[in-house]
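Note that the chains are named A, B, C, D, E, F and G in the order they appear, and that numbering of residues resets to 1 at the start of each chain.
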Amino acid sequence: MKIQPLGERVLLKPKKEEKTAGGIYLPDSAKEEKKQGIVVAVGMFKDGKELPLKAGDEVLYGGYSSEEFEIHGEKHLMVEFKDVIAKVTL
Amino acid sequence: MKIQPLGERVLLKPKKEEKTAGGIYLPDSAKEEKKQGIVVAVGMFKDGKELPLKAGDEVLYGGYSSEEFEIHGEKHLMVEFKDVIAKVTL
Amino acid sequence: MKIQPLGERVLLKPKKEEKTAGGIYLPDSAKEEKKQGIVVAVGMFKDGKELPLKAGDEVLYGGYSSEEFEIHGEKHLMVEFKDVIAKVTL
Amino acid sequence: MKIQPLGERVLLKPKKEEKTAGGIYLPDSAKEEKKQGIVVAVGMFKDGKELPLKAGDEVLYGGYSSEEFEIHGEKHLMVEFKDVIAKVTL
Amino acid sequence: MKIQPLGERVLLKPKKEEKTAGGIYLPDSAKEEKKQGIVVAVGMFKDGKELPLKAGDEVLYGGYSSEEFEIHGEKHLMVEFKDVIAKVTL
Amino acid sequence: MKIQPLGERVLLKPKKEEKTAGGIYLPDSAKEEKKQGIVVAVGMFKDGKELPLKAGDEVLYGGYSSEEFEIHGEKHLMVEFKDVIAKVTL
Amino acid sequence: MKIQPLGERVLLKPKKEEKTAGGIYLPDSAKEEKKQGIVVAVGMFKDGKELPLKAGDEVLYGGYSSEEFEIHGEKHLMVEFKDVIAKVTL
């Protein structure tokens, strides 16, 4: 079973904790809009080029237009690439 | 009898069940906006390139601008490609 | 007497019946916005390319911006190409 | 004395009658927005290409942004090319 | 002393009279928005191409965004090229 | 100490007087929106091309989105290039 | 631990003081919208070209859409490149 995002979309598994081992902390006031997640699958740009993300990447994302799915019992989110703010590396 | 979508449109047959064999589950709160369907026919991009979908593909779609038809007694929907969120493969 | 549409416009003769011989049925709730028609004449894209329709094509169209004419006693409609949803073939 | 339209504009002389010899009839409800006119002079597209109209063409036009002039005692109208719906030929 | 318009702007000297020798008459209802002027200096298109006007041209212009200057005691106006409707020649 | 504008921005030193030696006069009603200034530094167009202005140029500018700085005790303004109306030369 | 901005974003560490050694002073009325910061990491333009900034650059930035993070106990901000007004050099 695989979900392949279409267009400039990214499928993520959200991370529960607001503080990573690496030390990014999101203030309370920001928790609603900025969250961390792990990339599961990515779509592509309109011109056919790949989005600069791959499965397994840890990202910070925001925006209000994410869509929620449950896949094999696990919560997933589909977000627009423009709402993925940054890639986090250790 | 064939309906050939014009522009960046996709003709779908909606799927009734919200939980697939493969295990995608859409929470109640999301059922109105996110649904599964089977692609029947596809239009094309403005520059003449083909949409990355073909008849028989299983997709997740959203959006509020889909248009309903009944063809030979079966309900069909015409949706904009931008509202087709993902392709589902087993 | 000929009316040659300018820009991305399509001149149609509307079809009265909501159910075609081929079996497309438009539900009551949709009759106001989605209708069938026969193409009479077509304009062209801004870059000079032809619209993918020709006189005699049967189409499904929607939208609220169509303009009504009576030509030799017959009702005609000028619609934007973007509001022509699909081409119907038998 | 000559008025040369600039940009994507068309200078027209409006036609009084709503029914042409050729038989186009505009319903009462539409008379305010759709009218017939004779092209007097045309501007050009932004890329320098000519508009597909020339002096003497009979056209149907709509829109609310036309501008009125009186030239040598005759009423003229300047309309945007996008509001010229069709060219009428006999 | 010279004022060189930047961007797609045109510097004009407005003409007082509403009726030219050549016979263009602007109805009272239109006097506020449509006026005649003489081109003093012109800017250029974004791609570096020249605007199709030169100093001395008589024009009809409209729009509400013109800006007023007094240069050596004479009233001048800076208008956007898109608000210059037509060039008037005798 | 240098401030290098980014994007299509222009750094100006405003001129106090509303009437230049050369004779441009801005009517009272216009003083709020149209002012004279001396260019201090310029950014660039998105495609990397230079803005058609250089340090020392005298300009007329308008718009409401200028941003105020004090550099070494002198008031400076950052304005968008699109709000710089004209270059003034003697 | 590294945060790599995606899209046309810039990661900054804000500077507390409103007056730099170099002498830029932001008036009280402007303190809310214009601030100084040190670039930590930069994203890229949509066409893949690099933003004209690098880690260590001192910048003036504005806008209301910046997003706040705490990294290893230090406050950081993610801002859109279009809201970075100027680069400050000594």
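Things to note:
The rule we apply is simple: contacts are C-beta pairs under 8 Å (C-beta built on N, C-alpha and C of every residue); 3 or more make two chains touch, one makes a residue touch a chain.
Keep in mind that what you see is a predicted model, and the values were worked out from it rather than measured.
The set of chains touching subunit E and also touching subunit G is given as F. Interface note: subunit C and subunit D, two copies of one sequence, contact each other through mostly non-matching residue numbers (shared numbers fall below half of all numbers used). Note: centroid distance subunit B to subunit F, computed from Cα atoms, is 53 Å. If you average the Cα atoms of subunit C and of subunit E, the two centres end up 43 Å apart. As a whole-number value, the distance joining the C-alpha centres of subunit E and subunit F reads 24 Å.
For subunit B, the set of residues touching two or more other chains is empty.
Taken as a graph of touching chains, this assembly forms a single closed ring in which every chain touches exactly two others. Think of the chains as beads on a loop: from subunit E toward subunit F, the beads read E, F, G, A, B, C, D.
Remark: subunit G residues 1-7, 9, 11, 67-73, 78 touch subunit A in the complex. If you check the complex, the residues on subunit A that touch subunit G are 20, 22-27, 30, 33-34, 52-53, 59-60, 62, 81-82, 84-90.
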